[in-house]
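Shared between the two complexes below is chain A, which has chain B as its partner in the first and chain C in the second.
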Partner chain A sequence: MKKRLYLELENCIGCRSCLAACTQCGGHEERNRNYVYDVNPLVNRQTMPLMCLHCENPACARSCPAQAIQIHETGAVLSALVEKCIGCQNCTIACPYGIPKFDHEQNLMYKCDLCIDRTKDGISPMCASVCPSNTLQWLTDEEIDNKKKQFNLDNGKWVTSMPYLEGETNVKVNLPGILQGITKLF
Partner chain B sequence: MQRDKFFKEIENLNHPNEKLIKTHCSYCGMQCGMNLRVNTQTNKIIGVEPRYDWPVTVGKMCPKGVTAYQQTNHKDRLLKPLIRDDASLKGTAEGFREASWDEAYDLIAKKFKELQTEYGKDSLSVFSGVSMTNEKCYLTGKFARVALGTRYIDYNGRFCMSSAAGGFLRSFGVDRGSTLPWTDIHETDCLFIAGSNTAECHPTSMFRIWNVQERGGYIIVVDPRETPIARRADLHLDLQPGTDLALANGIVNQLIEMGYIDEEFINKHTNGFEETNELVKDFTPEYTSMLTGVAPEKIIRAAEIYGKAPNAVVMFARGVEQQHKGVDNVSAYTNMALVTGKIGRPKAGVATFTGQGNGQGGREHGQKSDLLPGYRKITNPKHVEEVCSVWGITPEEMPQPGVSAYEMIELMEQKTIRGLYLLCSNPAVSAPNQNFVRKAFKALDFMVCSDFYLSESAEFADVILPAVTWSEDEGTVTNIEGRIIKINKAQEPVGESKPDWQIQVELAERLGRGKYFSHLKTARDVADEFRLATKGGYADYYGATWDKIDKQDGVFWPCKDEKDEGTPHMFLDKKFYHPDGKAKICALPYRPPAEEPCEKYPLRLTTGRVVYHYLSGNQTRRIPFLHDMCPEPYVEIHPDTALTYNMEHEERVRLFTRRGEAIYKVKLTEAIRKDTVFVPYHFGHEDSINLLTIAALDPISRMPEFKACAAQLEKVELKKVQ
Partner chain C sequence: MQAKAAVNQKSGNTLNNAFASHFAKSMFLSVTALAILSFIGTRMFTHVDLNLYGYMVGTIVFIGGFFYRFIAWGERPPTKLILKKGLKLLLRKSTPKTSVEHLATYNFIWNRGIYRWTQHVLIGWGCILSCFVTFPLVFGWMYFTMDDNGHYNIIAMGMKVMTVPADGIIANLSYNALNITAVMVIAGVCMALYRRLKNMQARAEQKFLYDFMPLYMLLLVSITGLALTFMNIFLHGAGQPAMSLIHQWSVIITLIYLPFGKLAHIPFRPMSVLARNYREHYAEQGMKECKVCGDQFVSVEQSKDVVDVLCVNAIEFKAKEGHHLAEMCLPCRRKYRIAQFSGFPTHEVKVKEANQNAKG
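== the complex of A and B ==
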């Protein structure tokens, strides 16, 4: 069954295990392609990951003059093909979330490929495998639907992709604040 | 077994020319399951793959776990024994030369014999640790008593878990760190978590902890800092460091006041309620608030939530234990479970977050100054006899109890102890009052250190023996839950390094004590003798064979024989381990921290960990990813406090106490009390916060008060820094 990366931002504890895990993915040359931000470091310890959302109509790929950014049949927006990438950095500017990274030495773009060597066979990506807080999860559409039901939609914090994001995405996101809709046990 | 809703069938990714070795992380008590990726052509460890089928952590790891494999073939590994002939260089990394094992063993045997001939058996000491297998911990205890014949052996659990041990022994008559398996945690209705920065120190507990809130349950966190877990908690009790005992008494006061106690449970299964009731009467919300700095409403609310919860778990960690009343704090928080009867059933109980990988198992089997395998007492003649029969010595030959870790260091400084065999520990970073500790190590006539990197403590040694990492040997460890699990070997030892059990067997032979050790040729041989030595003790591992551990996904002790499947839940029959079968509710008068703030030292200094580093940092500071994430220590200060000192974010400032000083970068954050500053303790030499900490010891556990002392800040001139 098709699974997706699902983000529950409320859970993040800032451990950056997702970054460490990303360096361990085959073909990643020990460089992580994801980000974790301190939301307000002088005030509190809130953090959140910033991941490629694998847009259905990705701005990075559209902006690429060399067709170096391919979209896998699973929907994963791949890292630039080394032989095609001309190092123009259009993609890094075009992406609304600032995901593609640039290797100035090799003059090449590189980005999250959703651990394609794993996810093409349905194996959880490295970051979602290790994330200790379940901020990053690898779920079926049915499980994601259940999440939607579980968290009260009225508080406006549930976001699958629209209207908060630029367009439909393969990765589903759930903003901080979801717990406000939970009924306490006692 | 114990597969819950978080468990998913996920296949592992298998790369060509690789095999996966199932094992666990080398670091904390979570002991996350992991697979080590081994190249089948070079037979070297080259990476990590999640272990989705491990029921406790289902593939999850913190950044330390993800990068743990990088320790094995690290460029800093010690490949050969090192000898330093020039003792004047002690305390530096200079002057070591490579030597053969033969030369190193000969020198050690000669020096040990000389010292013991001249100054007596007890002039030697063993200082060990619990980041190693049960088999090694067991053999280290035997090595000290049988090969060296010294009374002086103790271990780094005195800086870690000993207060939890002392508290549980007093309250329950048994010291198993968790009364329930971790797979219960997310199913409870209220978690009361005191002095645990869980998100950073035991991160892979977090998916279960958050799930309590997702289900509509409550999380209450007690911490002077707004840690990541406190930030999302339903209630954050932001107490002053070192005031836990007052808070716990205050909550018990309210539990009684509001009628949340379980009288039937108290009458049938406990002693001590009356005295405790009498004592906590004074701890009204207002009085407790005055002592702790926590608002009275919050104290009342905490008691109300915990009291109402159908099931609840009280959890704590070093924040409450590393105090000079750590044992009292543990028993006082445990009182909450005992007066409400929320213990001895699934989803309810008490747990401490075990710090080191084998913090539980390593303290049970005879590395502690007064303990023998199976949690037996060296002062109990029957216990001594039982162990002697396994070891083949007479009770007369068994040394007397020794003293605790820090007290051994004091005896070094006084020259009562003249020789030291240090393994699996780095007290030149981790012990309190470092200026004194380093002086004591320098005063030693002869010191041997076994490690796989040249640690800050190894810099004081005359001989350094290259040990293996966890991935080059096999054996068992006992995780945070009390579950005995198996560490597997993934690679042959690097260079000439050897496992510590083998080093001890070979050293014993050099010391003429081979007949007690030479039969131990493999880790499994040690395991078999170890299980036998625990048989009949209350930490009975006899039935926990490696096969059973493999088949059952671990075995919870006690596990007495082949048929026994182990004991995931403690006290289900409401029988506690005191002779009358009852638990003890303890009446504990409040004591403030040993050193209270004053005019000269107006701030409260507390110490702790960051997610990227483990203990003294000897391992994690060498891992590039972890180093990059946290390369140096810092002092966390509230912006309002910084303002009164005119200090800015990232400015370098001098922090000092009556014992020492250090220069740290300021990290401003509102997520800390205004009267408190925090420094992580993973750093060595002049960066070590333990230059400043106080060696005020708990009267029972001999735990130093790392978590609270009085300090002052000062701006530094730029030129002084350079």
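== the complex of A and C ==
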């Protein structure tokens, strides 16, 4: 059963477990590839995670002159192939969400690969496996559909894509509280 | 197709018009160049080593595959841009230094780990040195003659460049050059295989055809090459003809595979020098300021180029504010996305991005 990463952004409590977990994924070489932001840092404590959304038409891969960014058969957009990346940093400029990181010493781009060693076998990525607040979940499309029924939005807004995102993505993002008009934390 | 026709018209280049494609032209020029070089090198084909005939065919097939791949790849919009602008900047003062660091000493691989660096120096230099010895022999650009007095003459391009004692150091080094490089490659490939069995990232992503096949091929080439020497010295040549065929066959397969698999990085990698020149040159010309915070984060030229390349791919990321998303620095672009989710303009809060690096 194909599962996908599903984000309920406003659940985030800012513990940054996902960053720590990311460093521990096999082959991430102890460097995390995801982000957690304060939404309004001077006023309240609401945070939201941001990670690669694994675009269906990834700008990073389209802009890469070396074809170093491969798309896995699961749809995951992989980190740069170590022998191909020529260090031009086009991908960091192209990504609409500013996700790829660049290591100047190694002349190499690295980004979220959705823990491909795990997700290719259907195991959840590291970040989702540690998230204590159900912000990051690893769900089948059916489970995501059930959530949709549970929230019963009448404003037609559900799993967000446009206008919140720039294109269709393999990772699904949602803000059920905000979209329903139920203020949870902020 | 139209674009190509337009280019031809503009330059009015009759040579370009004479060929059906870039591919045909490049192929024709290379084979002609090889033939001429061999003709001169062998003093009008009087010194051709027919044992090496298979390599000649292999090389020509390889050149075909190579141009096919390289031209297809060079037609991709981002590749074309870097190639075009990078080649113009090839005369920058920093080019020699960058080339040595990127293509010969691999400083950046050192920064990825000493193990990986050692592995690559052994494989890479082992192969490059082997080619320096083999190809001139195959095409007759270099050969040896022996005088009566126990001295070898090394002849390059038909000219005597050196005369050395047949049992001296240089002579011994040249007889054994391919043995030494074979040992280097075998050691490097074993290191690579070991890493592929242990390293989690490698294990996650590797595919047999892409990652293991080239390693096994290099191993086969080196071991059969060494076996030839072994048979010559210890078995008085027994089994040599068969082994020689296996060796030739493995080299030819490796050459033909080269443009299509992982080893394709060998001809493509020099582009990293072009990319570095491109970044350095245009950074000096003028830096782009982030539309939100004003930080200079990339050259004006590259920012524009990336926007154009995405446009060719029918991708256009315009922010509501009217600028392109690529015109924001990375932290601002990330905060801008948070702002789209939350409805609060996070990117406009003048607070530096919190530390995003968890040290594992």
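Remarks
What we mean here is this: the second predicted complex is superposed on the first by the 169 of 186 C-alpha atoms of A that agree within 3 Å, B and C clash if a C-alpha of one lies under 4 Å from a C-alpha of the other, contacts with A are read in each partner's own complex, and residues count from 1 in each chain.
Criterion: a contact is a pair of C-beta atoms (placed from the backbone, for glycine too) under 8 Å apart; a residue touches a chain by one contact, two chains touch by 3 or more.
Just so it is clear, the model here is predicted, and its values are computed rather than measured.
When the shared chain is aligned, chain B and chain C each come close enough to touch A:Pro41. Of the two partner chains placed around the shared chain by superposition, chain C is the only one that A:Ile116 touches, whereas chain B remains out of contact.
In the superposition on chain A, A:Ser124 makes contact with chain B only, not with chain C.
Of the two partner chains placed by the overlay, only chain B lies in contact with A:Pro132; chain C stays clear of it. Of the two partner chains, chain C is the only one touched by A:Thr92; chain B is not. Of the two partner chains placed around the shared chain by superposition, chain C is the only one that A:Ala59 touches, whereas chain B remains out of contact. Using the contact criterion defined above for the overlaid structures, shared-chain residue A:Asn11 touches chain B, although it does not reach chain C. Between chain B and chain C, C contacts the larger number of chain A residues. Shared-chain residue A:Gln150: touches chain B; no touch with chain C. Common to the chain B and chain C contact sets on chain A are residues 10, 16, 19-20, 23-24, 26, 41-42, 46, 117, 186. Interface residues of chain A facing chain C in the complex, by the touch rule stated above, are 9-10, 16, 19-20, 22-32, 35-42, 46, 48, 50, 57, 59, 62-67, 78, 82-84, 86-90, 92-99, 103, 105-108, 113, 116-117, 120, 160, 163-167, 173, 175, 178, 186.
Of all residues in chain A, only 10-11, 13-17, 19-21, 23-24, 26, 41-47, 117-118, 121, 123-124, 126, 129-134, 150, 179, 182-186 touch chain B in the complex they form. Of all the residues in chain B, the ones that touch chain A in their complex are 10-13, 15, 47-48, 50, 52, 59-63, 65-67, 189, 199-200, 203-207, 210-211, 213-218, 226-229, 231-232, 308-310, 611-612, 625, 629, 639, 649, 668-671. Those residues of chain C whose C-beta lies close enough to touch chain A in the complex are 73, 76, 78-79, 81-83, 102, 108-109, 111-112, 199-205, 262, 265, 268-269, 271-272, 275-276, 278-279, 298, 302-303, 305-306, 309-310, 313, 315, 317, 325-326, 328-335, 337-338, 340-344, 346, 349, 351, 353-354, 356-360.
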